[in-house]
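What follows is a group of structures, each given as structure tokens.
Below are two complexes that have chain A in common, paired first with chain B and then with chain C.
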Partner chain A sequence: MPDTPGAPLLRRRLVTDMVDWNMVLLTRRELSIRIKILHVINNILFPSIYMPSSSLHVSLQPSQFSLPACTIMDYSTLRRQITFMKKSFFDQGYLDEQFNQLEELQDESSPNFVEEVVALFLKDSPRLLTNIEHTIGKYPQDFHRLDSLVHQLKGSGSSIGAVRMKNECSVFKAHCNDKNLEGCRRSLQRMKREHATLKQKLESYFQLLRQVAPREHAVNSRK
Partner chain B sequence: MMSCKGLGGEGSAAAAAALPHVLAVDDSSVDRAVISGILRSSKFRVTAVDSGKRALELLGSEANVSMIITDYWMPEMTGYELLKKVKGSSKLKGIPVVIMSSENVPTRITRCLEEGAEDFLLKPVQPSDVSRLCNRVLR
Partner chain C sequence: MTTSTVQGSPVKALIVEDTPIHAFILSTILRKFHCEITVAENGNEAVQLFLEGKKFDIIFCDKEMPVMSGPEAIEKIRALGESHVKIVGVSAGYDLEQSFMSAGADIFLPKPMKFDVVGPIIQEVMNKKNNSMV
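Now for the complex of A and B:
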């Protein structure tokens, strides 16, 4: 087969994407394994133009792996999407450094730690919002109870880095302190909107993460 | 009640049992999960309960608790009340107690420290806070 135009560029791009992927995620040993896989894939795709050096002799047989070249590109794209999405959460003020702290606690024994903690928050917070709404509607007003409920919501929101939720809870608490029921009502509506937005964003984020997680687990299992 | 092994699932039960055992007390499920995760990452064995009452039940049945870390503001029994009960018990008074709170109230902090609390941490608790604290208290 003659050398096809653009093939060396494609090979370089595949290597670059693989290296990007590796630089984000992998140790040196994993990098070495990935590069070996990449050269095998290159050999399959472009057998006439691929000339591996002796130092990159590949002992893997093609049947020993099942990662088509397009999946590697998709993974790299997904990873970039996840990074940009998370950055937008911080830039738009939805999350703060506490979220990063939680992600740093993730390890092989708790690979989904952050998602689990966020799931607890998303399970607990609607109940608190409902209780707050119910308490606002009661007469006589019970600002002490309202303060206690929003204190819980503020605390758990703060623990996952939900800074907009936390700030709105502070506004609500200030209205409670002033015994300003109308202020509490308006603040509650904003809290509910912030909560709905945060829920949608985080669910999208973890949905993306789950798409890359099976690959990472498969790669780790080859060690 | 949540129990988290400090070895990430690996190692024998005997090895896990040799790790310092920290009792975490918080009525918030989110905060229990976070403090348990932080303690686990620092290689501690963690038992998490949701109230002071459950904490005392566990302390009564199992003496092998190296430290208690408790939220201040809990229904029925506050962390301060739990602290007083622990320090008032001849069996439990030697266990270090750390209080956590999301509110920076100087009189509250002073009161807890005077009652014998080892430290007072502001929420959200950082891994560095817990690591520094446990190194000082437990090692």
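Now for the complex of A and C:
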């Protein structure tokens, strides 16, 4: 199919802009305009790829908008975004060296190991947080049970390198030791916020990783 | 992490751990050393395996578990005459080492586990196993 004049340049600039969406908060109008442009380009260049009109009405969560893996996105740009994102996790204190250790375990025999470990953590940790909240609300207070639950959460968080979660769990345990119920309540709220932030960041990270995965798998297969 | 030095028949490893994420990580590490892996979710399950006649070369055992704790399970396993099996206590608190060692563990590893310490332990077990077969 003949290339529309100017379309590849426009496509590359739009793609580069879309990579930045994970870093920049757009207004609803800006987001809507960019979606419409992408819709027009896709219809011109890739008429077999159907973008339903409902995709024009996306929420203000750019990380939820998935691009076809490496068909449009510049691979090296995507890789740079992934590296930048991971570095920010360490610089901002969300993850520590344990996360690197998990990545070292990942290989061809277990290609999705890190994501699977994180998925286990994100699956189990809400249950623990709910149990902690439920136990805090009980009377008489059961600080031994609370300590046990937080110990589990701390261990799980430590195993993926979630250092902020781990530190807040230590604060909670100290409040348990002091039988300080109000301190436990405040610490729980902080733990829940840290957990929500970590979840959002890691999900965005793995969404980007999945976009380079098919290309990297093809490259590795040719070796 | 190097695995090429591990040779001979596979090491039979028992993981006693109630937290799925820890069991999954340790299983992945041990699989790289070609271990045959069995997972028990608490100390009682681990003891039952030995009562059924199962044999293992190494046990990685958590401390706090439902039904039966790690140290309690280790005591019972040693009481069954299983003196040859290498037992590694694994837990998040450094102050828990003594409870594992008193129960009969050979080594204590704090959590989160440093993956590069597992290789030499498996190699030692492998060497001992191969020497006993000669």
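Observations on the structure shown:
Here is the rule we use: the second predicted complex is superposed on the first by the 149 of 223 C-alpha atoms of A that agree within 3 Å, B and C clash if a C-alpha of one lies under 4 Å from a C-alpha of the other, contacts with A are read in each partner's own complex, and residues count from 1 in each chain.
The rule is simple: a contact is a pair of C-beta atoms (placed from the backbone, for glycine too) under 8 Å apart; a residue touches a chain by one contact, two chains touch by 3 or more.
Keep in mind that this is a model prediction, so the values were computed, not measured.
Superposition model on chain A: chain B and chain C are shown in a clashing arrangement. When the two structures are aligned on the shared chain, A:Ser158 is found in touch with chain B and with chain C. By the touch criterion defined above, A:Glu108 lies against chain B but remains apart from chain C after alignment on the C-alpha atoms of chain A. Within chain A, the residues touching chain B in one complex and chain C in the other are 98, 101-102, 104-105, 109-110, 113, 116-117, 120-121, 124, 151-152, 154-156, 158-161.
Residues of chain B that touch chain A in their complex: 5, 7-10, 27-31, 33-34, 37-38, 40-41, 73, 102, 123-124, 126-127.
Chain A meets chain C in the complex at residues 98, 101-102, 104-105, 109-110, 113, 116-117, 120-121, 124, 148, 151-152, 154-156, 158-161. Residues of chain C touching chain A in their complex: 1, 19-22, 24-25, 28-29, 31-32, 64, 92, 111-112, 114-115. Those residues of chain A lying in contact with chain B across their complex are 98, 101-102, 104-105, 107-110, 113, 116-117, 120-121, 123-124, 151-152, 154-156, 158-161.
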